[in-house]
Amino acid sequence: MMTVLYFASLREAVGISREQLDCHASSLPDVASLIAQLRARNTSFAEALAPTKNWRVAVNQEMATHQTAIHSGDEIAFFPPVTGG
Amino acid sequence: MMTVLYFASLREAVGISREQLDCHASSLPDVASLIAQLRARNTSFAEALAPTKNWRVAVNQEMATHQTAIHSGDEIAFFPPVTGG
Amino acid sequence: MSVPIAPQTVVRIEVREADFDLNAELAAMQRGRTDIGAVCSFIGLVRDVNAGSSIDALTLEHYPGMTEKALTKIVAEASARWPLQGVTVIHRVGKLVAAANIVLVLVASAHRQAAFNGCEFIMDFLKTDAPFWKQENTETGLRWVDARESDTVALQRWNQN
Amino acid sequence: MSVPIAPQTVVRIEVREADFDLNAELAAMQRGRTDIGAVCSFIGLVRDVNAGSSIDALTLEHYPGMTEKALTKIVAEASARWPLQGVTVIHRVGKLVAAANIVLVLVASAHRQAAFNGCEFIMDFLKTDAPFWKQENTETGLRWVDARESDTVALQRWNQN
(Lines give C-alpha, C1' and ligand atoms only; values in the text may rest on other atoms or scores of the structure.)
Protein backbone atom coordinates (compact mmCIF):
# COMPACT_ATOMS: atom_id res chain seq x y z
CA MET A 1 0.00 0.00 0.00
CA MET A 2 1.29 3.44 -0.90
CA THR A 3 -0.27 6.89 -1.25
CA VAL A 4 0.13 8.83 -4.48
CA LEU A 5 -0.64 12.56 -4.60
CA TYR A 6 -1.05 14.91 -7.57
CA PHE A 7 -0.89 18.70 -7.37
CA ALA A 8 -1.80 21.77 -9.39
CA SER A 9 -1.91 21.43 -13.20
CA LEU A 10 -0.80 17.80 -12.94
CA ARG A 11 -3.73 17.06 -10.60
CA GLU A 12 -6.09 18.59 -13.15
CA ALA A 13 -4.50 16.61 -16.00
CA VAL A 14 -4.92 13.21 -14.32
CA GLY A 15 -8.26 14.11 -12.72
CA ILE A 16 -7.50 12.98 -9.14
CA SER A 17 -5.64 14.49 -6.22
CA ARG A 18 -4.91 11.37 -4.18
CA GLU A 19 -5.10 7.60 -4.42
CA GLN A 20 -4.03 4.51 -2.49
CA LEU A 21 -2.13 1.95 -4.51
CA ASP A 22 -2.52 -1.57 -3.22
CA CYS A 23 0.49 -3.41 -4.55
CA HIS A 24 3.38 -5.62 -3.68
CA ALA A 25 6.48 -3.59 -3.05
CA SER A 26 8.51 -6.03 -5.14
CA SER A 27 6.58 -5.06 -8.27
CA LEU A 28 7.31 -1.35 -7.76
CA PRO A 29 10.88 -1.08 -6.49
CA ASP A 30 11.46 2.54 -7.53
CA VAL A 31 9.85 5.74 -8.84
CA ALA A 32 10.53 4.72 -12.47
CA SER A 33 8.48 1.51 -12.13
CA LEU A 34 5.60 3.40 -10.48
CA ILE A 35 5.59 5.92 -13.34
CA ALA A 36 5.51 3.11 -15.91
CA GLN A 37 2.51 1.56 -14.16
CA LEU A 38 0.64 4.88 -13.89
CA ARG A 39 1.30 5.85 -17.52
CA ALA A 40 -0.07 2.47 -18.71
CA ARG A 41 -3.52 3.35 -17.30
CA ASN A 42 -4.78 5.80 -19.91
CA THR A 43 -3.74 8.69 -22.14
CA SER A 44 -4.29 11.32 -19.39
CA PHE A 45 -1.72 9.65 -17.18
CA ALA A 46 0.52 8.77 -20.11
CA GLU A 47 0.67 12.39 -21.24
CA ALA A 48 0.79 14.05 -17.82
CA LEU A 49 3.76 11.92 -16.73
CA ALA A 50 5.53 11.78 -20.11
CA PRO A 51 9.32 12.14 -19.86
CA THR A 52 9.12 15.25 -22.03
CA LYS A 53 6.88 16.98 -19.49
CA ASN A 54 8.58 19.08 -16.86
CA TRP A 55 7.20 17.45 -13.70
CA ARG A 56 8.73 16.83 -10.29
CA VAL A 57 8.42 13.89 -7.91
CA ALA A 58 8.75 13.70 -4.13
CA VAL A 59 8.97 10.60 -1.96
CA ASN A 60 7.92 11.07 1.66
CA GLN A 61 7.96 14.84 1.15
CA GLU A 62 11.55 14.99 -0.07
CA MET A 63 12.47 15.73 -3.67
CA ALA A 64 13.22 12.47 -5.50
CA THR A 65 14.27 11.08 -8.88
CA HIS A 66 13.38 8.14 -11.13
CA GLN A 67 15.93 6.06 -9.26
CA THR A 68 14.58 6.74 -5.77
CA ALA A 69 13.52 3.49 -4.08
CA ILE A 70 9.94 3.23 -2.82
CA HIS A 71 8.45 1.04 -0.12
CA SER A 72 5.09 0.06 1.28
CA GLY A 73 3.67 2.96 3.30
CA ASP A 74 5.48 5.64 1.27
CA GLU A 75 3.86 8.86 0.11
CA ILE A 76 4.77 9.72 -3.48
CA ALA A 77 3.76 13.06 -5.00
CA PHE A 78 3.83 14.33 -8.59
CA PHE A 79 3.63 18.04 -9.37
CA PRO A 80 4.75 20.75 -11.82
CA PRO A 81 7.70 23.09 -11.07
CA VAL A 82 6.78 25.23 -8.08
CA THR A 83 5.64 28.85 -8.41
CA GLY A 84 5.17 30.21 -4.88
CA GLY A 85 6.63 33.29 -3.26
CA MET B 1 32.83 85.74 3.33
CA MET B 2 32.42 81.98 3.60
CA THR B 3 30.93 79.60 6.16
CA VAL B 4 33.06 76.80 7.59
CA LEU B 5 31.40 73.90 9.46
CA TYR B 6 32.93 71.16 11.63
CA PHE B 7 31.17 67.93 12.59
CA ALA B 8 31.43 65.08 15.09
CA SER B 9 34.92 64.25 16.43
CA LEU B 10 36.47 66.93 14.24
CA ARG B 11 34.12 69.53 15.74
CA GLU B 12 35.23 68.45 19.21
CA ALA B 13 38.89 68.57 18.24
CA VAL B 14 38.79 72.15 16.94
CA GLY B 15 36.28 73.31 19.57
CA ILE B 16 33.80 75.07 17.27
CA SER B 17 30.97 73.89 15.06
CA ARG B 18 30.67 76.87 12.70
CA GLU B 19 32.43 80.06 11.79
CA GLN B 20 32.27 82.82 9.19
CA LEU B 21 35.54 83.56 7.44
CA ASP B 22 35.79 87.12 6.25
CA CYS B 23 38.36 86.97 3.49
CA HIS B 24 39.12 87.90 -0.06
CA ALA B 25 38.36 85.04 -2.37
CA SER B 26 41.65 85.64 -4.17
CA SER B 27 43.62 84.66 -1.06
CA LEU B 28 41.77 81.34 -0.72
CA PRO B 29 41.27 79.98 -4.23
CA ASP B 30 40.76 76.35 -3.23
CA VAL B 31 40.24 73.91 -0.37
CA ALA B 32 44.00 73.36 0.02
CA SER B 33 44.64 77.04 0.71
CA LEU B 34 41.78 77.19 3.23
CA ILE B 35 43.22 74.18 5.05
CA ALA B 36 46.66 75.78 5.17
CA GLN B 37 45.19 78.93 6.71
CA LEU B 38 43.13 76.99 9.30
CA ARG B 39 46.05 74.75 10.31
CA ALA B 40 48.25 77.83 10.90
CA ARG B 41 45.91 78.98 13.70
CA ASN B 42 46.89 76.64 16.52
CA THR B 43 47.85 73.04 17.29
CA SER B 44 44.21 71.91 17.61
CA PHE B 45 43.49 72.92 14.03
CA ALA B 46 46.93 71.79 12.83
CA GLU B 47 46.40 68.31 14.22
CA ALA B 48 42.71 67.91 13.43
CA LEU B 49 43.27 68.78 9.75
CA ALA B 50 46.66 67.09 9.37
CA PRO B 51 47.06 65.25 6.04
CA THR B 52 47.61 62.03 7.97
CA LYS B 53 44.16 62.31 9.57
CA ASN B 54 41.31 60.61 7.79
CA TRP B 55 38.93 63.57 7.34
CA ARG B 56 36.52 64.51 4.58
CA VAL B 57 35.63 67.88 3.10
CA ALA B 58 32.44 69.07 1.40
CA VAL B 59 31.91 72.29 -0.54
CA ASN B 60 28.31 73.46 -0.76
CA GLN B 61 27.17 70.08 0.56
CA GLU B 62 28.91 68.05 -2.12
CA MET B 63 31.96 65.90 -1.41
CA ALA B 64 35.11 67.79 -2.42
CA THR B 65 38.90 67.46 -2.58
CA HIS B 66 41.95 69.64 -1.92
CA GLN B 67 41.71 70.91 -5.48
CA THR B 68 38.07 72.01 -5.32
CA ALA B 69 37.77 75.76 -6.01
CA ILE B 70 36.02 77.88 -3.37
CA HIS B 71 34.25 81.22 -3.73
CA SER B 72 32.75 83.90 -1.56
CA GLY B 73 29.44 82.68 -0.15
CA ASP B 74 30.44 79.01 -0.19
CA GLU B 75 29.77 76.59 2.67
CA ILE B 76 32.76 74.37 3.43
CA ALA B 77 32.44 71.48 5.89
CA PHE B 78 35.07 69.25 7.51
CA PHE B 79 34.15 65.94 9.11
CA PRO B 80 35.38 62.41 9.86
CA PRO B 81 34.33 59.39 7.74
CA VAL B 82 30.59 58.90 8.14
CA THR B 83 29.09 56.23 10.40
CA GLY B 84 25.33 56.39 9.97
CA GLY B 85 22.87 53.66 9.04
CA MET C 1 22.51 16.13 3.57
CA SER C 2 20.16 18.29 5.56
CA VAL C 3 21.69 20.63 8.17
CA PRO C 4 19.99 21.43 11.50
CA ILE C 5 18.78 24.93 12.33
CA ALA C 6 21.63 26.81 14.04
CA PRO C 7 21.04 26.98 17.82
CA GLN C 8 21.27 30.80 17.91
CA THR C 9 18.59 31.25 15.24
CA VAL C 10 15.01 31.66 16.48
CA VAL C 11 12.81 30.31 13.71
CA ARG C 12 9.10 30.71 13.00
CA ILE C 13 7.60 29.14 9.86
CA GLU C 14 3.92 29.22 9.06
CA VAL C 15 1.75 28.34 6.04
CA ARG C 16 -1.76 29.70 6.41
CA GLU C 17 -4.67 31.50 4.79
CA ALA C 18 -4.69 34.52 7.11
CA ASP C 19 -2.82 37.71 6.28
CA PHE C 20 0.26 38.70 8.31
CA ASP C 21 1.12 41.89 10.15
CA LEU C 22 4.68 43.04 9.52
CA ASN C 23 4.90 45.20 12.65
CA ALA C 24 3.62 42.39 14.85
CA GLU C 25 6.09 39.88 13.39
CA LEU C 26 8.95 42.35 13.77
CA ALA C 27 7.98 43.08 17.39
CA ALA C 28 7.79 39.34 18.15
CA MET C 29 11.28 38.83 16.73
CA GLN C 30 12.73 41.72 18.75
CA ARG C 31 10.91 41.03 22.01
CA GLY C 32 13.21 40.99 25.04
CA ARG C 33 16.46 41.38 23.10
CA THR C 34 18.68 44.35 22.31
CA ASP C 35 21.39 42.58 20.30
CA ILE C 36 19.76 42.84 16.86
CA GLY C 37 21.48 45.34 14.59
CA ALA C 38 19.78 44.67 11.26
CA VAL C 39 16.46 43.32 10.04
CA CYS C 40 15.82 42.65 6.38
CA SER C 41 12.30 41.84 5.31
CA PHE C 42 10.79 40.78 2.03
CA ILE C 43 7.11 40.85 1.15
CA GLY C 44 5.77 39.33 -2.06
CA LEU C 45 2.39 40.63 -3.25
CA VAL C 46 -0.22 39.79 -5.88
CA ARG C 47 0.38 42.06 -8.89
CA ASP C 48 -2.55 43.13 -11.05
CA VAL C 49 -0.65 42.23 -14.23
CA ASN C 50 1.44 39.18 -15.04
CA ALA C 51 2.78 37.84 -18.34
CA GLY C 52 0.66 40.36 -20.25
CA SER C 53 -2.70 39.56 -18.63
CA SER C 54 -4.66 41.49 -16.06
CA ILE C 55 -5.08 39.55 -12.80
CA ASP C 56 -8.06 39.88 -10.42
CA ALA C 57 -6.87 37.31 -7.94
CA LEU C 58 -4.88 34.15 -7.63
CA THR C 59 -5.29 30.88 -5.81
CA LEU C 60 -2.31 29.38 -4.04
CA GLU C 61 -2.23 25.61 -3.75
CA HIS C 62 0.42 23.81 -1.69
CA TYR C 63 1.50 20.38 -0.51
CA PRO C 64 0.71 20.35 3.22
CA GLY C 65 3.50 18.82 5.24
CA MET C 66 6.14 19.00 2.52
CA THR C 67 5.82 22.79 2.38
CA GLU C 68 6.83 23.18 6.02
CA LYS C 69 9.61 20.61 5.62
CA ALA C 70 11.00 22.37 2.55
CA LEU C 71 10.88 25.80 4.22
CA THR C 72 12.56 24.45 7.35
CA LYS C 73 15.35 22.95 5.27
CA ILE C 74 15.93 26.26 3.44
CA VAL C 75 15.97 28.26 6.68
CA ALA C 76 18.33 25.74 8.29
CA GLU C 77 20.73 26.08 5.37
CA ALA C 78 20.64 29.89 5.68
CA SER C 79 21.24 29.66 9.44
CA ALA C 80 24.33 27.55 8.77
CA ARG C 81 25.74 30.05 6.26
CA TRP C 82 25.23 33.33 8.13
CA PRO C 83 24.98 34.33 11.82
CA LEU C 84 21.22 34.86 11.91
CA GLN C 85 19.44 35.78 15.15
CA GLY C 86 15.90 35.24 13.92
CA VAL C 87 14.04 34.09 10.82
CA THR C 88 10.28 34.29 10.24
CA VAL C 89 8.68 32.87 7.11
CA ILE C 90 4.91 33.15 6.58
CA HIS C 91 3.43 31.98 3.28
CA ARG C 92 -0.25 32.39 2.56
CA VAL C 93 -2.41 29.88 0.65
CA GLY C 94 -5.94 30.02 -0.75
CA LYS C 95 -7.51 32.85 -2.74
CA LEU C 96 -5.63 36.16 -2.77
CA VAL C 97 -6.82 39.31 -4.53
CA ALA C 98 -4.65 41.89 -6.31
CA ALA C 99 -2.32 43.77 -3.91
CA ALA C 100 -2.74 41.10 -1.22
CA ASN C 101 0.30 39.83 0.65
CA ILE C 102 1.59 36.40 -0.42
CA VAL C 103 4.80 35.82 1.52
CA LEU C 104 6.83 37.40 4.30
CA VAL C 105 10.48 36.62 5.04
CA LEU C 106 11.99 38.47 7.98
CA VAL C 107 15.65 37.98 8.92
CA ALA C 108 17.51 39.51 11.87
CA SER C 109 21.25 39.62 12.45
CA ALA C 110 23.86 41.71 14.23
CA HIS C 111 25.05 43.02 10.85
CA ARG C 112 23.30 44.05 7.66
CA GLN C 113 25.04 41.85 5.15
CA ALA C 114 24.05 38.64 6.91
CA ALA C 115 20.44 39.89 7.17
CA PHE C 116 20.29 40.79 3.47
CA ASN C 117 22.02 37.59 2.34
CA GLY C 118 19.87 35.37 4.54
CA CYS C 119 16.66 36.97 3.33
CA GLU C 120 17.59 36.76 -0.36
CA PHE C 121 18.83 33.19 -0.02
CA ILE C 122 15.58 32.09 1.61
CA MET C 123 13.46 33.80 -1.05
CA ASP C 124 15.55 32.37 -3.89
CA PHE C 125 15.20 28.79 -2.64
CA LEU C 126 11.56 29.25 -1.62
CA LYS C 127 10.87 30.14 -5.26
CA THR C 128 12.35 26.88 -6.59
CA ASP C 129 12.08 24.32 -3.76
CA ALA C 130 8.92 24.98 -1.70
CA PRO C 131 5.84 23.22 -3.13
CA PHE C 132 3.43 26.09 -3.80
CA TRP C 133 1.59 26.66 -7.08
CA LYS C 134 -0.18 29.79 -8.27
CA GLN C 135 -3.26 29.79 -10.44
CA GLU C 136 -4.30 33.19 -11.78
CA ASN C 137 -7.78 34.55 -12.47
CA THR C 138 -7.26 36.42 -15.73
CA GLU C 139 -9.79 38.10 -18.05
CA THR C 140 -9.79 34.95 -20.15
CA GLY C 141 -10.10 32.44 -17.32
CA LEU C 142 -7.93 30.45 -14.95
CA ARG C 143 -4.26 29.97 -15.78
CA TRP C 144 -1.53 28.10 -13.92
CA VAL C 145 1.55 30.26 -13.54
CA ASP C 146 4.66 28.93 -15.31
CA ALA C 147 7.89 28.56 -13.40
CA ARG C 148 10.42 31.23 -14.38
CA GLU C 149 13.82 30.34 -15.75
CA SER C 150 15.26 33.38 -13.96
CA ASP C 151 14.38 31.78 -10.61
CA THR C 152 16.59 28.81 -11.40
CA VAL C 153 19.36 31.11 -12.62
CA ALA C 154 19.13 33.10 -9.38
CA LEU C 155 20.28 30.06 -7.39
CA GLN C 156 23.63 29.84 -9.12
CA ARG C 157 25.26 32.65 -7.18
CA TRP C 158 24.77 30.75 -3.90
CA ASN C 159 27.00 27.93 -5.16
CA GLN C 160 29.97 30.27 -5.25
CA ASN C 161 29.99 31.02 -1.52
CA MET D 1 27.53 63.50 -12.69
CA SER D 2 24.35 63.30 -10.68
CA VAL D 3 21.37 61.49 -12.23
CA PRO D 4 17.74 62.58 -11.69
CA ILE D 5 15.25 60.39 -9.83
CA ALA D 6 13.52 58.11 -12.36
CA PRO D 7 10.00 59.39 -13.14
CA GLN D 8 8.32 56.08 -12.18
CA THR D 9 9.93 56.02 -8.73
CA VAL D 10 7.92 57.60 -5.90
CA VAL D 11 10.49 58.82 -3.38
CA ARG D 12 10.18 59.85 0.25
CA ILE D 13 13.30 60.84 2.22
CA GLU D 14 13.21 62.09 5.76
CA VAL D 15 15.79 62.83 8.47
CA ARG D 16 14.16 63.28 11.85
CA GLU D 17 14.22 62.50 15.56
CA ALA D 18 10.88 60.67 15.67
CA ASP D 19 10.62 56.91 15.32
CA PHE D 20 9.05 55.39 12.21
CA ASP D 21 6.26 52.89 11.77
CA LEU D 22 7.04 50.18 9.23
CA ASN D 23 3.40 49.24 8.60
CA ALA D 24 2.42 52.87 8.05
CA GLU D 25 5.29 53.47 5.62
CA LEU D 26 4.48 50.28 3.75
CA ALA D 27 0.78 51.23 3.53
CA ALA D 28 1.68 54.71 2.25
CA MET D 29 3.86 53.20 -0.47
CA GLN D 30 1.15 50.76 -1.56
CA ARG D 31 -1.81 53.14 -1.34
CA GLY D 32 -3.98 53.15 -4.47
CA ARG D 33 -1.79 50.81 -6.50
CA THR D 34 -1.91 47.08 -7.25
CA ASP D 35 1.18 46.79 -9.45
CA ILE D 36 3.77 46.20 -6.71
CA GLY D 37 5.06 42.63 -6.64
CA ALA D 38 7.91 42.89 -4.14
CA VAL D 39 8.88 45.09 -1.20
CA CYS D 40 12.26 44.78 0.46
CA SER D 41 12.84 46.65 3.68
CA PHE D 42 15.86 47.16 5.86
CA ILE D 43 15.85 48.41 9.43
CA GLY D 44 19.05 49.27 11.28
CA LEU D 45 18.84 49.23 15.09
CA VAL D 46 20.98 50.24 18.07
CA ARG D 47 22.77 47.11 19.32
CA ASP D 48 23.61 46.79 23.01
CA VAL D 49 27.18 45.74 22.19
CA ASN D 50 29.63 47.18 19.68
CA ALA D 51 33.37 46.72 19.28
CA GLY D 52 33.52 44.89 22.60
CA SER D 53 31.76 47.52 24.72
CA SER D 54 28.29 47.51 26.13
CA ILE D 55 26.16 50.35 24.73
CA ASP D 56 23.32 52.10 26.61
CA ALA D 57 22.49 54.55 23.88
CA LEU D 58 23.97 56.46 21.01
CA THR D 59 23.68 59.98 19.69
CA LEU D 60 23.38 60.53 15.98
CA GLU D 61 24.75 63.78 14.63
CA HIS D 62 24.26 64.81 11.01
CA TYR D 63 24.92 67.63 8.55
CA PRO D 64 21.48 69.14 7.90
CA GLY D 65 20.95 69.89 4.24
CA MET D 66 23.81 67.76 2.96
CA THR D 67 22.25 64.63 4.47
CA GLU D 68 19.08 65.00 2.39
CA LYS D 69 21.12 65.86 -0.71
CA ALA D 70 23.35 62.83 -0.29
CA LEU D 71 20.39 60.49 0.30
CA THR D 72 18.55 61.89 -2.73
CA LYS D 73 21.60 61.31 -4.89
CA ILE D 74 21.92 57.68 -3.71
CA VAL D 75 18.21 56.99 -4.28
CA ALA D 76 18.36 58.62 -7.74
CA GLU D 77 21.28 56.38 -8.68
CA ALA D 78 19.34 53.28 -7.52
CA SER D 79 16.26 54.41 -9.48
CA ALA D 80 18.39 54.65 -12.62
CA ARG D 81 19.81 51.15 -12.17
CA TRP D 82 16.65 49.17 -11.36
CA PRO D 83 12.93 49.58 -12.16
CA LEU D 84 11.84 50.79 -8.71
CA GLN D 85 8.25 51.78 -8.03
CA GLY D 86 8.83 53.38 -4.65
CA VAL D 87 11.66 54.19 -2.24
CA THR D 88 11.31 55.45 1.33
CA VAL D 89 14.35 56.36 3.42
CA ILE D 90 13.92 57.56 7.00
CA HIS D 91 17.01 58.16 9.13
CA ARG D 92 16.72 59.16 12.74
CA VAL D 93 19.02 61.62 14.53
CA GLY D 94 19.48 62.59 18.19
CA LYS D 95 19.69 60.23 21.17
CA LEU D 96 18.66 56.62 20.56
CA VAL D 97 18.65 53.89 23.23
CA ALA D 98 19.54 50.22 22.76
CA ALA D 99 17.09 48.39 20.45
CA ALA D 100 15.79 51.67 19.01
CA ASN D 101 15.31 52.02 15.28
CA ILE D 102 18.00 54.04 13.46
CA VAL D 103 17.20 53.77 9.77
CA LEU D 104 14.49 52.44 7.47
CA VAL D 105 14.93 51.76 3.76
CA LEU D 106 11.86 50.46 1.94
CA VAL D 107 12.00 49.61 -1.77
CA ALA D 108 9.12 48.43 -3.98
CA SER D 109 9.34 46.91 -7.45
CA ALA D 110 7.40 44.58 -9.72
CA HIS D 111 10.06 41.90 -9.14
CA ARG D 112 12.05 40.77 -6.15
CA GLN D 113 15.57 41.11 -7.47
CA ALA D 114 15.20 44.81 -8.23
CA ALA D 115 13.69 45.38 -4.76
CA PHE D 116 16.53 43.52 -3.01
CA ASN D 117 19.25 45.12 -5.12
CA GLY D 118 17.84 48.63 -4.73
CA CYS D 119 17.54 48.27 -0.96
CA GLU D 120 21.06 46.89 -0.53
CA PHE D 121 22.57 49.48 -2.85
CA ILE D 122 20.94 52.33 -0.93
CA MET D 123 22.11 50.96 2.43
CA ASP D 124 25.65 50.39 1.15
CA PHE D 125 26.02 53.95 -0.09
CA LEU D 126 24.17 55.46 2.87
CA LYS D 127 26.85 53.86 5.07
CA THR D 128 29.70 55.56 3.23
CA ASP D 129 28.26 58.74 1.66
CA ALA D 130 25.52 60.17 3.90
CA PRO D 131 26.91 62.55 6.57
CA PHE D 132 25.75 60.93 9.82
CA TRP D 133 28.00 60.23 12.79
CA LYS D 134 27.35 57.95 15.76
CA GLN D 135 28.63 58.60 19.26
CA GLU D 136 28.14 55.74 21.70
CA ASN D 137 27.45 55.86 25.44
CA THR D 138 29.63 53.03 26.73
CA GLU D 139 30.42 51.95 30.31
CA THR D 140 33.62 53.98 30.10
CA GLY D 141 32.14 57.12 28.55
CA LEU D 142 31.37 58.62 25.18
CA ARG D 143 33.06 57.20 22.09
CA TRP D 144 32.78 58.20 18.43
CA VAL D 145 32.16 55.16 16.27
CA ASP D 146 34.93 54.43 13.75
CA ALA D 147 34.08 53.94 10.10
CA ARG D 148 34.30 50.28 9.08
CA GLU D 149 36.59 49.16 6.31
CA SER D 150 34.02 46.51 5.35
CA ASP D 151 31.58 49.27 4.41
CA THR D 152 34.01 50.60 1.82
CA VAL D 153 34.67 47.09 0.54
CA ALA D 154 30.90 46.51 0.21
CA LEU D 155 30.69 49.21 -2.47
CA GLN D 156 33.00 47.41 -4.86
CA ARG D 157 30.42 44.94 -6.12
CA TRP D 158 28.24 47.78 -7.44
CA ASN D 159 31.00 48.80 -9.85
CA GLN D 160 30.72 45.51 -11.67
CA ASN D 161 27.14 46.01 -12.87
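Letters A, B, C and D mark the chains in the order given here, with residues in each chain numbered from 1 onward.
One rule holds in what follows: a contact is a pair of C-beta atoms (placed from the backbone, for glycine too) under 8 Å apart; a residue touches a chain by one contact, two chains touch by 3 or more.
As the structure is a prediction and not an experimental result, all values here were calculated from the model.
Looking at chain B and chain D, not one chain touches each of them.
The centroid of the Cα atoms in chain A and the matching centroid in chain C are 27 Å apart.
For the pair chain C and chain D, the distance between C-alpha centroids works out to 22 Å. Chain A and chain B have Cα centroids separated by 73 Å. Chain D has its Cα centroid 48 Å from the Cα centroid of chain A. Counting only residues that touch two or more partner chains, chain D has 44, 112, 123.
In chain B, the residues that touch at least two other chains are 85.
Interchain contacts (touch definition given at top) occur between A-C, B-D, C-D. Within the complex formed with chain D, the chain B residues making contact are 5, 7-9, 54, 58, 61-63, 77, 79-85. Those residues of chain C that touch chain D in the shared complex are 21-23, 26, 30, 33-49, 98-99, 110, 112-113, 115-116, 119-120, 123, 150, 154. Within the complex formed with chain A, the residues of chain C that make contact are 44, 60-63, 65-66, 69-70, 91, 102-103, 123, 126-135, 144-148.
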